[in-house]
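In the part that follows, the structures are each spelled out as structure tokens.
One chain, subunit A, links the two complexes that follow: it is found with subunit B in the first and with subunit C in the second.
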Partner chain A sequence: MTRILTIAWIVWLKMLRKKDIYVLLILLGAFLIIIISLNVFGLGGMVNYVKDAGLLMAWIFGWMMAVNVSSREIPEEETRGTIFPLLAKPLTRFEFLFGKLLGSWSIVISATLLFYIMVVGIVLMRGGSCDLITTMQGYVLHCMALAVICAISMAFSTRMNQDAAASMTYVFTVTAFFLVRRIPVLMFYTEGLRANIMMIIYNLMPHLELFDMRKRIIHDYGPLDFKTFAAVLTYGALLSFLFLILSFLAYRKKHFSRGNMLG
Partner chain B sequence: MTLSSKWPWFSIVTITGVLFSLSCHLGTVLPENPTWTITTSAGTSHTQAGQQSITDVILGSSQIAIGQHFMEVADTYFHRGIEHFRSQKFQNTIFQRVLEKVSPTGHSHLAGSQIKEVMAWLAFAIRLNPHDLEAYILAGFWLADEMKLLDAAIDVLKQGEKNNPSSFRIQLEMGRIYIQNGKVKAAEEAFRTGLSLWPSECPTDTMEARRGINSLLLYNGLFHEINNRNNEAINCYRRLLAMSPDESTLHDRLEMLEKGKQPSVLASSILNDTVIQSRQVTCDRDHEENKN
Partner chain C sequence: MSSAIEIYNLTVVFEQGKIKALDNLDLVVGEGQVFGFLGPNGAGKTTVMHVLLNFITATSGEARIFGSNVKHSIARQRIGYLPEHPDTYRFLTGRELLTMAGHLFLIRRKALRARIDEVLEQTGIEDAANRKIATYSRGMMQRICLAQALINDPDLIILDEPTSGLDPIGRMDIRTIITNLKNKGKTVFFSSHELSEVELVCDHLAILNKGRIVTEGPALELVAPGESLEKYFMRALGVLPTNLDIAR
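Right after this comes the complex of A and B.
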């Protein structure tokens, strides 16, 4: 466990040297300030659109960070050649992958927490309210979605370079989020083989839409019942673990040679 | 430097560009005095002769599509975040059951002061597409009927009139709100202007145009009656009956007027009742759900 945490800590140190989080925080702040400075028909006290825009940005920024941070860790180690001293230490490849995933995910969820704090802070400043339990549930499920995205990104990055892994993850996760939920409707327009393929996609792809509680938070529907919340969390944990295992399977016998890794 | 290491900079440039254009464009939304207004010179696709705003340059015609999207968001907000019902080929899978709990479904409406949450999206829609009549009419309706901000409603519609000077629909809506506001002279003027503008943007065979002309003829006829111009009132009612012969109550009224008698129900009371009736909210989703 110490070895996993050490790897995760190294990811943190590397990330703190880069400026990604600060840039995204500044962008979110600027965006929200513009949104709240808008005077709509002289009416005050409107907060739902601020919550909506803020949480949407939190999702977009969180998604971008998850894909970019986790897809660059392994290819970077390989390109720089630092993978050799790492694997020469008493460290299994699973520990290495798990440490990388833990480090990337913890960075992303910390940044997402800051995004949420900023959004909720601005909503409260505007005189609005956010149900604490619902918002916390929303944040936890969001974190779980980010864990799945990080794990998918890492799985791709074990066999691809950083750019390819990031692109593949974007395509895969965006499809999972936007297309999969619409398959029951789209099935009306398909028949035969296509319909069968769509059913397979529906059942095999991760259902990332289950982690999105924004509607409950924005429109004050109140907290999710505990049973469903726990079920979605479990589903997310299983998905993340599945993709971690896939990463391990793809990485455990990967052969490294210095010549292939340059560039 | 690889492409992926530049992503923060790509993001900064893109988002800053969008925010800058938004702020430039939305800046004009802010009123000079804090009372209210949607826009200043707005919405016109050209701010001054020959000069395009930054948003026009960046977004081009896509502004209309984005504006339309904001109208849909406003509709979704009115339904407490629930989107239009769509028939599904299969139901009751475990994913669908869980999703229904995470993301509630059903049919409910905002009411009273909660309606203000819809207004932001209507304001955005108007900013992006100043020729979206539906956005002005909806904004005017919610402001006047649910929030009782009649002056603010008139201001929105006046802005709509400025950006769409040939629209009869704006005049019709303005007339109705003037009546609610007790400004009878202004209402009469608005209905008269509306009638002279009809059919403006609507093809005459559309439901919208037919409803519009029916209302305008009725209101104008009633105003003529109130002002003892019975011949003009008779002309309006005849035109209306020629278009919609089913208006049975109007037949009796026309008959009375043609005989030179005073109808038993006062024109002013019919006017008020008709305006109140025209303010009933009907939700398209009721019909959609009944169909399904």
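Right after this comes the complex of A and C.
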């Protein structure tokens, strides 16, 4: 575990010392405050509008950050050649990948926590209320969705450069979030082989929509019952682990091409 | 004498068989030797090192370090490695880099602190230890990378072109470090294009060409008295002297 934590610690230090993260945080924070403060059609005073806009921003921001942070870690190590001294130590490739995933994910969920605190703070300042348990559940499930996105992004980055991995992750996860949930409706209008293929896709794709509790938080529907919450959490953990294993399978025998391999 | 490195019938093929980087290579490096690994560009020197460190998997054959198969991470417990053109995390300070390297070897905190001071002194970079690596010169970068390779007090040090790009003082310092390691009974396995460097520090040599060992043995036995290593190297590779060489 020490080795995994050491790799995660390096990811944190890099993020904190390279100033781009602060710029991103400040920009998105400012954007969030502007969106929340706007008084569109006189809705500015409505607390639900504030919650909706704030949580939407937190989701978009978290998603972008998860993809960008986790897709760049491995390609950057390889192109700079910093991977060589690392893997020359008694560090397995699984530990390396796990450390990178843990580091990226913990950064993303920490930044997302700041956003939740900011949204809840503004709601309370406007005289509204947020059910603490529902909001915490929403945050935890949001974190689990981010773990899945980070793991998918890292899996792509084991065999692609950063840009390609980020693009593939956006296509894959956005499809999973917005389109997969509509497949049962589409299946109503199809039959035969096409319907079977749709069914397979529906079952194979990650169901990221399950982690989205925004509506419950916005409209105060109350928290999820414990069994459902635990089931979704377990599903997210398994999904993240599955993509971590896929990363490992893609990475365990990878040949590195930097430098003169035939030197 | 037991062996630090054992390589048997090692073959590495790239690009689906189009490039044969190593061809049935056999090599044994005894413990305590300073072993110079020579060869022209593309001979396969780095490939051998990368197989030993499990960066690439051999197509066939076997490689062992202190008796452990290189595929197991435990084989790297007693190794220190300095890559060619080393680069590292520039956002860290030298001391932080060494702390990170020590944690990967699971060295305890107190022992690690003492070891960091030791390797910083050994590599002559203690004054810059608390500075960001981004501010280091090329020579300092080489030294801090060497320091992280020595953090676990390795019994086998693998150096890929350790003096490349260094000024004469930097080269001399690296030579001194290698000699000190040799005096401590460590095994040093290194590749170099600087034949004069190799001549000064190595007790064993192997010349590699097109993935095969052309010649190998104790340096004093291979190179005839009065002959330079450069001439021996050319002779071993079958390179005919040019008019320029004859004029010299």
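Basically, the second predicted complex is superposed on the first by the 235 of 263 C-alpha atoms of A that agree within 3 Å, B and C clash if a C-alpha of one lies under 4 Å from a C-alpha of the other, contacts with A are read in each partner's own complex, and residues count from 1 in each chain.
Assume a residue touches a chain if its C-beta (ideal position, glycine included) is under 8 Å from a C-beta of that chain, and two chains touch if they have at least 3 such contacts.
If you're wondering where the values come from, they're calculated on a predicted model, not measured in any experiment.
Undergrad: Is A:Leu204 touching anything from subunit B or subunit C once the two structures are fitted on A? First, second, both or neither.
TA: Touch partners of A:Leu204: none, neither subunit B nor subunit C.
Undergrad: Quick one: classify A:Leu91 as touching subunit B (first), subunit C (second), both or neither.
TA: After superposing on A, A:Leu91 lies in contact with subunit C but is clear of subunit B.
Undergrad: Using the touch criterion from the header, give the chain among subunit B and subunit C with more contacted residues in subunit A.
TA: B
Undergrad: Applying the document's definition of touch, where does A:Gly81 land relative to subunit B and subunit C: first, second, both, or neither?
TA: In the superposed model, A:Gly81 contacts subunit C only, not subunit B.
Undergrad: According to the stated criteria, A:Phe188 is in contact with first (subunit B), second (subunit C), both, or neither; which is it?
TA: After superposing on A, A:Phe188 lies in contact with subunit B but is clear of subunit C.
Undergrad: Who does A:Tyr49 touch here: subunit B (first), subunit C (second), both, or neither?
TA: After superposition on chain A, A:Tyr49 lies in contact with subunit B alone.
Undergrad: So which positions on subunit A get touched by both subunit B and subunit C?
TA: The answer is that subunit A has no such residue.
Undergrad: Any idea which subunit B residues touch subunit A in the complex?
TA: 2-4, 7-8, 11-12, 15-16, 19, 22-23, 26, 29-31, 34-38, 77, 80-82, 86-91, 93, 95-96, 98-99, 101-104, 116-117, 119-121, 123, 139, 143, 147, 149, 152, 156
Undergrad: Across the complex, what residues on subunit C touch subunit A?
TA: Per the stated touch rule, the residues are 14, 19, 21, 41-47, 50, 53-57, 73-74, 76-77, 79-89, 91-92, 96, 100-101, 103-106, 145, 148-149, 152, 158, 160-161, 191.
Undergrad: Flag every residue of subunit A that touches subunit B in the complex, lowest number first.
TA: For this pair, the touching residues of subunit A are 19-20, 23-24, 27, 30-31, 34, 37-43, 45-49, 64, 68, 71-72, 141, 162-163, 166, 181, 184-185, 187-188, 202, 207, 209-213, 215-216, 218-219, 221, 224-225, 228, 231-232.
Undergrad: Which bits of subunit A are touching subunit C when the two form their complex?
TA: Subunit A residues touching subunit C: 2-3, 6, 9-10, 13-14, 17-18, 80-82, 84-92, 253, 255-256, 259-263.
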